[in-house]
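Chains: A, B, C, D, E and F, in written order; residue numbering restarts at 1 for each.
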Amino acid sequence: MVACAAGLVKEGNETMTRLVEYADASPEVRAVYDDIMATRRIDWINNFWKALAAHPPTLKRIWENVKAVMAPGALDPLVKEMIYVAVSVTNNCEYCMHSHTAAARAKGMDDAMLAELMAVVGLANETNRLANGYRIPVDERFRNP
Amino acid sequence: MVACAAGLVKEGNETMTRLVEYADASPEVRAVYDDIMATRRIDWINNFWKALAAHPPTLKRIWENVKAVMAPGALDPLVKEMIYVAVSVTNNCEYCMHSHTAAARAKGMDDAMLAELMAVVGLANETNRLANGYRIPVDERFRNP
Amino acid sequence: MVACAAGLVKEGNETMTRLVEYADASPEVRAVYDDIMATRRIDWINNFWKALAAHPPTLKRIWENVKAVMAPGALDPLVKEMIYVAVSVTNNCEYCMHSHTAAARAKGMDDAMLAELMAVVGLANETNRLANGYRIPVDERFRNP
Amino acid sequence: MVACAAGLVKEGNETMTRLVEYADASPEVRAVYDDIMATRRIDWINNFWKALAAHPPTLKRIWENVKAVMAPGALDPLVKEMIYVAVSVTNNCEYCMHSHTAAARAKGMDDAMLAELMAVVGLANETNRLANGYRIPVDERFRNP
Amino acid sequence: MVACAAGLVKEGNETMTRLVEYADASPEVRAVYDDIMATRRIDWINNFWKALAAHPPTLKRIWENVKAVMAPGALDPLVKEMIYVAVSVTNNCEYCMHSHTAAARAKGMDDAMLAELMAVVGLANETNRLANGYRIPVDERFRNP
Amino acid sequence: MVACAAGLVKEGNETMTRLVEYADASPEVRAVYDDIMATRRIDWINNFWKALAAHPPTLKRIWENVKAVMAPGALDPLVKEMIYVAVSVTNNCEYCMHSHTAAARAKGMDDAMLAELMAVVGLANETNRLANGYRIPVDERFRNP
């Protein structure tokens, strides 16, 4: 990764994505960065937030959503991160696969858990197509439990 | 649902999907049905298996995969079912959404857990597109943890 | 299915999709209908074409594409129909699954072939996610054969 | 591609995916590798299998599925590979597009066949959306052939 | 549609989705309903909001997002609705296709505009696969404009 | 990017995609290239067309489709390009995201418009899953407007 002036980062031949560094951020953006770091108890901001910061309303809105949805609740945060990985793998989002796998590991996911998660994701993507392709009618007892 | 002769089931205007009832099943298929019921400790076979049974090699192969992948392991079965629901919702598989939500509920998922699962699925599908659309480079520390 | 006046067809509670019947079609649309029937050696027009006919430029454009792409060539029409089914199952397009499965059967696909096609589709959807999820690097010999 | 010690392979900036080389494989994994090479009559193991080998139960399970599903049957192996390519292109799985295109070529697919396959895939992805978007009702004769 | 007691609605054979009617809503939910009706200048609540209301935090969060994102801005609301339709057609979300097509029509979209929107959606879904399938390298001038 | 002989272009480790340069093109292909440049009032051919040119029937067919669909009509070209970007982001087509974002910018899209487009795309991908996952019945007034 080559860091250029003006916060532009180039990855190999990758198009330059404008990333807003903390040092260059407006007070509005820094407030969000501070909240991310405080909430997550970390001391750095990842590229996802730096990229969204180019449009501060989006940065704020998405952070508020993530903060609310990923907080501990009826599901604990590790389970939530694993669900996030499952969706990201299904959709082939490279960035999200990396960031949420890292988050899941930080919350306790080990290699064995990841392998089983991947196995479920693969199998579900398979049986989803079999169920759709065979036009299987939903059982009465599933409709009216 | 209207049950016709010969195991054909018609759902409303739905195309007839051939479902193999236990009573009409070959010994090979019955063996799989028995294993499903024994493994799951239930006394009935759902339409997914009855539809696959029209091609016994597929029935056997898929059941063996499901049995292996969904067994308790590093992840417990409830978490696996919730991951299955997450993928099925992402892919909009009606049958799988019904059957795996039912399975998850049977394993302990309540309404609050389902609502949070759906919230994560929705949010992940959103941020997957933002990350891809903004061409966000993966942070160095995610690549080389 | 209930046929209403003015070519509106209602399927159960389904929203009314405007379908242009031959009898009500403009000369421009009839010309396309005639070409479809002549090319396919059939005597009826299916709902897909009747729906597109509400926008004649789209009807003509899509028919010209289908006629060109699905003609016999390096791949024979049956193989092309099976590829069409595979994509339609992957994408869960109900209409296309029905129409192209019918077309494939008309061209020689039997139940055993369909079952194997479905098995490949399911497996491919599974391994696609495993390959993406595990971030597997493409082998040098695949890049430079 | 840079080969590192301990079987870690780094592709450009790509995250290190753990690939299990034959020389470092357990007897259990080697048994699967041997079966792959014997079945396919080749003398090498590709990265997909080497990556799955990090979780031997998944390696075995997926290989058994691939062996069964891709064997000659009602459909011949070349047709099966082309269906695999079609799904992989639809889902944008880079690894699978490469590996299955290579497999299809090895089984007889030439450039003209590949171009026609791609044309069908593109067209099907288009008409799938038109059919869904226009909410086209499935013709009665497709439901009850 | 059959309206049952307790706000359960059954559509044909459709599973009962719990919809929270205004009359049965808590003050918290009614506040959101009121804001929706005031913002949109309408006098009714659609099923999407009534379904989300079963989990009030989700109802509030999603409404706040929709209100912010769909407001007039650099893009006018009609363009935003058409983009919403385009995504919903691509993903085959039946509910969203209906509701956002209705919203777009209310904001000025006519049949000719919808037909052209659908044509672009279909073509984009086609060329997306051709570009991915042919592994076309991004032109230098697109990466560094 | 490294230009090789015979029109093969290699991008980093990217597989060689055969791109047909104007200088090496047949009269048939040059005719299409000329039409593209004349229609778009540009003096260069991008890699998408150069790649399709390896199969001239596909080059011609796709160009004719693009020319027809993207022409000014009930929707203006800028709106059409933004819809194209929305679909390409949803499907994660890297090439198309780049080329159509460039085209949209050339037609007047600025950063603020792009940010709002991305916000709608993300939100639509989220609510599509919520609507599908909650199995929300389509309101009667949407079905029968």
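The rule we apply is simple: a residue touches a chain if its C-beta (ideal position, glycine included) is under 8 Å from a C-beta of that chain, and two chains touch if they have at least 3 such contacts.
As the structure is a prediction and not an experimental result, all values here were calculated from the model.
Trainee: In contact with chain B and with chain E at once: which chains are those? Just list them.
Mentor: Under the touch definition, chain B and chain E have A, C, D, F as mutual neighbours.
Trainee: Have a look at A-F versus C-D and report the one with more C-beta pairs in contact.
Mentor: Comparing C-D with A-F, the pair joined by more C-beta contacts is C-D.
Trainee: Taking all residue numbers at the chain A to chain D contact, is the shared part over half or under half, that is, same or different?
Mentor: different
Trainee: Among C-E, D-E or C-F, whose interface repeats B-E's (more than half the contact pairs identical)?
Mentor: C-E
Trainee: Cα centroid separation between chain D and chain F, in whole Å?
Mentor: Going by mean C-alpha positions, chain D sits 26 Å from chain F.
Trainee: Give, as an integer number of Å, the spacing between the C-alpha centres of chain C and chain A.
Mentor: Measuring from centre to centre gives 35 Å for this pair.
Trainee: Using mean C-alpha positions as chain centres, tell me how far chain A is from chain E in Å, no decimals.
Mentor: 22
Trainee: Could you say which residues in chain A touch two or more other chains, in rising order?
Mentor: Residue numbers touching two or more other chains: 1, 11-15, 58, 61-62, 65, 69, 90-94, 98, 112, 115, 118-119, 121-123, 125-130, 132, 134-135, 138, 142-143.
Trainee: Testing understanding: with touching defined as stated, what is the shape of the graph linking the protein chains, line, ring, star, complete or other?
Mentor: The chain contacts form a complete graph, every chain touching every other.
Trainee: Would you mind writing out the residues of chain A in touch with chain F in their complex?
Mentor: 12-13, 15, 54-55, 58, 61-62, 91-93
Trainee: Which residues, counting only chain B, touch chain D once they are in their complex?
Mentor: Within the complex, chain B touches chain D at residues 13-16, 57, 61, 65, 68-69, 138, 142-144.
Trainee: Quick check on the complex: what are the chain A residues that touch chain B?
Mentor: Chain A reaches chain B through residues 1, 9, 11, 14-15, 17, 46-48, 51-52, 58, 62, 65-66, 69-70, 73-75, 79-80, 82-84, 86-88, 90-91, 93-96, 98-100, 102, 105, 110, 112-113, 115-117, 119-121, 123-132, 134-143, 145.
Trainee: Okay, in this complex, where on chain F does chain B touch?
Mentor: 89-90, 92, 94, 97, 118, 121-123, 125-130, 132-135
Trainee: Tell me, which parts of chain C touch chain B in their complex?
Mentor: 1, 11-12, 92, 98, 111-112, 115, 118-119, 122
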